[in-house]
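Here subunit A shows up in two complexes: once beside subunit B, once beside subunit C.
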Partner chain A sequence: MRRRHIPWAMLRGIVVLLYLFILVPIIITVSVSFNSVNQSKFPPIGFSLRWWGDALAARWLQPLAFSIELGLLAAVVSMLLGMPLAFALVRYRFPGREALTTLALGPLALPALVTGIGLLQFIQAAGFGFLFGFPTLLIGHVLICLPFSVRTTAISLRAMPANLELAALSLGATPSAVLREITLPLVKSGVFAGGVFAFIHSFTDYSISLFLARPGTQPITITILSFLEYGFAPTLAAVAALTLVVPLVLIAVVQRVFRIGDFLYAENARG
Partner chain B sequence: MPVADAAVSLRGVRKLFGRTAAVDGIDLDVRQGEFLTLLGPSGCGKTTTLNMIAGFLQPDAGAIYLAGRSVDGLPPFRRDIGLVFQDYALFPHMTVAENVAFGLRMRRINRTEIASRVAAALDLVKLTGMGDRRPLAMSGGQRQRVALARALVIDPTVLLLDEPLSNLDLKLRETMRLEITEVQRRTGVTTILVTHDQGEALVMSDRIAVMNGGRIEQIATAQEIYECPATRFVAEFIGSMNAIPALCVVAEVDGRCSVEIESGTAIVRAPQKVRSGERILLAFRPERSRVRAIGRDGDVNALGTVVQHIYLGTRTEIHVELAEGTRCIVETPNDRVAVVPRVGEAVILTVEPEDCIAYPMNVSGQ
Partner chain C sequence: MTQNARALRPLLLVAVPATFLFVFFVLPNGFLLVAGFLKSDAQMLTDEWTLENYDFLLGKPLYRAALLRTFVVGALVGVLVVVLAYPMAFFLARTTSKWKGPLIALALTPLLASVVVRTYGWWVLLNREGALNDLLRALGLTTGPLVMLPSVGAIVIGLTHSLLPFGVLTILSALNGINPNLERAALSLGASRTRTFLNVTLPMSASGVAGGFLLAFALAISAYATPTILGGPATETMATLIYKFMVSLMDWSIGSALGTLLILSSMALIAIGTMLGARRGTV
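For the complex of A and B:
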């Protein structure tokens, strides 16, 4: 092996290790769900689909559907709130801008657990107790999803040449026409990407739901968590694999429409 | 010129950024159908002036008139202006045809008319049949043409070009200069070009306004600007200029003065006010000066030594160091007749008095 090949071989080795690190737990979980005995053995003993039959029962499918619903709603609301917020933060310099940035992006840095406790106590103290249940859950999820839609929209806005809007104005477009014809179409992929991230974040969250979920409004993560108290059964492995499918399918579909990586890795702007 | 007769008029326009005046009192009249260039170094206020005409900035004082009408407080989208940006600012989510149609669509013109006017505009800029392309898939020169078509199709009162060629490579820039000029002549649209490139200004414009420090130093045709620069700034900004220190002996009243240099006196032009007894600069173009073995009667003569030759193909630059220390450049055409003296040879640099201009020592000339 020639000397300059060594770094490449090392890089390749590290990449393989990283993939193993990510994929092995998933592979183990999925294979455990095919056990023929009621034990979480790996490698699985025999082969059966009975745990999958259990997982596809209403007691699991209902919270799964609820999680999807909650995620969709949280994504839409945080997109609608995140757009004007990103606009204000990117385009205008105003007193309190820094504070607003921190407020909008804060939940990203804060453990969701802290946000959850804070929200719970606030709602109780402020006398909004009647909101407990779905409304509170939605508020909590929007709160932790907002940073994603604000960031991706801000990235799109910054990537947009400022002259485009001036050009449209000079061509006779009123400010509202500029927004409709130029700005919105050009930031829509950023807004949409933010929505996708928001959905995935909401769908996989459990720490904020832990405080805010009530019987009847339980996301799938909480259902799994409470079942775990009785031990890990192959059914859980099947359910876990099921919850993995939702975000994976979503990302696969979205990646075909636009390059989501642009928003994951871009610090300020594309190009 | 009365405001009513001009396509664009500026009267005492000022714009402050903080406490500094970016534009410091500009009066300007652009005639109907004229191609006028605002030329100057960066920071001279040319782009600020353009942005005020477009309506992106409001002047702090003075008034702007488009087609005889004051546009005070009128937003950009009601000014009927065609604007071509340095980076073209084409809408990336629209096709070429949609880009060009945008201004017409905003004016609620019916579809069939839009289609025919867009096609005509694309013909005009030699992009016939390219309407379905995406701007991002085009070359710099093609994008430039799309931007031009988009600005022209709305039949603007005035076409504003903001450094439109500076993103193109040299060869393309030279072709586009001529093409834009040709399109402008054909459509007869009043045009204001903003540039820092003197070559662009000289080739394209009917008249050039040379700007410096937020003011217009001179407005004239390319030839006048080059041959009779009104100020020392203009003289040095356009082309290259030799300047040797001299003494103004008598300041005449008719814009001339008699100056004295080591070899004698001469009567030369003095566009800026100079006083008798004042130290001045005697300026002349390299291609108007000669090196000779002996001086010529009636010419301005100065003794010097050849320090360098630079061969430039069509001509040769001879660098001469004068006895009092100033370096001058003499340009000789490479026509086989001209004799180029050797480096180190003592020569006499001569210029005819008509080719000399006297300027005050300080640049501002106030």
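For the complex of A and C:
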């Protein structure tokens, strides 16, 4: 189809502006961290790496490491819970299936901030106060990651030809052999993609952690948020930029293994 | 395998995840609904039932204004997200560029950055000594600094920015679902490109528009970081109020009542979406 006409050229112009709108605030945050003065100025005044030096101190690296640890564990646990759930929802018809589908996506549909308050009060009231800190945060993060793992696993299960399993069964393979030799290898990349999404969602989230974080067990987003109350120092910009590095490196590494875009695309193409 | 064992299989598969969701998602949210109807005494929940919490929130003009402000912000953000996301999604759906994949990825990169990171940039741009004021002064357009922070406008811009990728994804998925032959048919029957867009493409992507609007609306009303960074005491929203009551004032019953209002609002938005046939997440 011919597209070299005026409306299309105009649309391209608008889209360029929209990309600027999307990217400029992020570029600003990163460049502010290179200021030579202790002010969050854009364009930066002079150039220095001293705020980056400050950002690499233990009080920032500790919550950063904590966020990575929390995200990895939340991703793994949510995959372990999400895979069997997705398998049952896709391959079986059973009473309560609809309700369970809604429930599995629930943590994404209801405000995570409120889920955090609910968890806080519930655990307190149930007398499980000893769970506060890391265990409660992990529970919260597994909850918000679960919809991602269930969805990506379900997508790959649907994408694989179902009769492959039937063929293996009819050739005499046991159900567990079919799972091990056919199903799992075929959904492997979907499961992996789900894990990557789950990690990034957990790593960038602040809302579920807002009421569950404790001193010493604080994700980096909460640390930045609490320091913002005292002003917008360039050190914070450097720390914020540092948090960008983690998911970007992850995506760059993962891209080499498979195209994550295929999953984002498959996910939104299904609607 | 016997018939019974086959029927038990899905139950075995879902037993652990369903229990997890029930204990740590359903029960806590249920507890929150109850706590909103309990009296608070000396910063502790008592077992006395009351409607005082809701009476307090809906009776005081200050809090009523905050609730109203939250919904106005949510609706504005929803509209802006859809208006800005549509051209972007349309371009991404129809471009024949070999950069299509990377362009889609680039549109979604903000999702890799925490909202805190993204909102920081807006603060640098909009504050009294910020980049925009510097620019306006350098151009000789203003004499004194414009006060753009804290303001509801800044909150709306910040939220629109952080929620735009969700709008792009929902609308893109709706556009991808349109059979291209329908557009070709309209064109070959003599309709102009504009006519084809208005009479075929736009109506057929309406479900994506509605879905994007409601998703942005729902996420905007529960946002905490953006109103905290770009707003102030005069621009409280439901989420910042919740934080105030829960953490600063230690009043868990009012916090729970506010949380309940947020949950009910999100559910109402989902229900409206389902009625309108909006695109929503399915497994």
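Operating definition for what follows: the second predicted complex is superposed on the first by the 262 of 271 C-alpha atoms of A that agree within 3 Å, B and C clash if a C-alpha of one lies under 4 Å from a C-alpha of the other, contacts with A are read in each partner's own complex, and residues count from 1 in each chain.
Quick note on the criterion: contacts are C-beta pairs under 8 Å (C-beta built on N, C-alpha and C of every residue); 3 or more make two chains touch, one makes a residue touch a chain.
Only a predicted model underlies this, so the values are computations on that prediction, with no experimental measurement involved.
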item	value
Side-by-side fit of subunit B and subunit C on subunit A, or clash	fit
Partner chain(s) touched by A:F42 [first = subunit B, second = subunit C, both, neither]	second
Which of subunit B and subunit C A:L103 touches, first, second, both or neither	second
Which of subunit B and subunit C A:L248 touches, first, second, both or neither	second
Three-chain overlay, vertex subunit A: subunit B-subunit C angle, C-alpha, nearest 10 degrees	100
First, second, both or neither for A:Y19, with subunit B first and subunit C second	second
First (subunit B), second (subunit C), both or neither touched by A:A58	neither
Which superposed partner A:L119 touches (first subunit B, second subunit C, both, neither)	second
Contact breadth on subunit A, by residue count: subunit C or subunit B	C
Smallest separation of CA atoms, subunit C relative to subunit B, angstrom	8
Set of subunit A residues, in rising order, touched by both subunit B and subunit C	175
Residue numbers on subunit C that touch subunit A, as the complex places them	1, 7, 9-11, 13-14, 16-18, 20-22, 24-32, 35, 45, 84, 87-88, 90-91, 94, 96, 101, 104-125, 127, 129-131, 161, 164-165, 169-170, 172-174, 176-177, 193-194, 208, 218, 221-225, 228-229, 239, 242-243, 246-247, 252, 255-256, 259, 262-263, 266-267, 270, 279, 281-283
Contact set on subunit A toward subunit B in their complex	161, 163-164, 166-175, 177, 181-182, 185-186
List of subunit B residues in touch with subunit A within their complex	54-56, 75-83, 85, 87, 89-93, 102-103, 106-107, 150-151, 154
Subunit A residues within the subunit C interface of the complex	3, 5, 7, 11-12, 14-15, 18-19, 21-29, 32, 39-43, 81-82, 84-92, 94, 97, 100-101, 103-115, 117-119, 121-123, 125, 139, 142-143, 146-147, 150-151, 154, 175, 200, 203-207, 210-211, 221, 224-225, 228, 232, 236-237, 240-241, 243-244, 247-248, 251, 259, 261, 264-265, 268-271
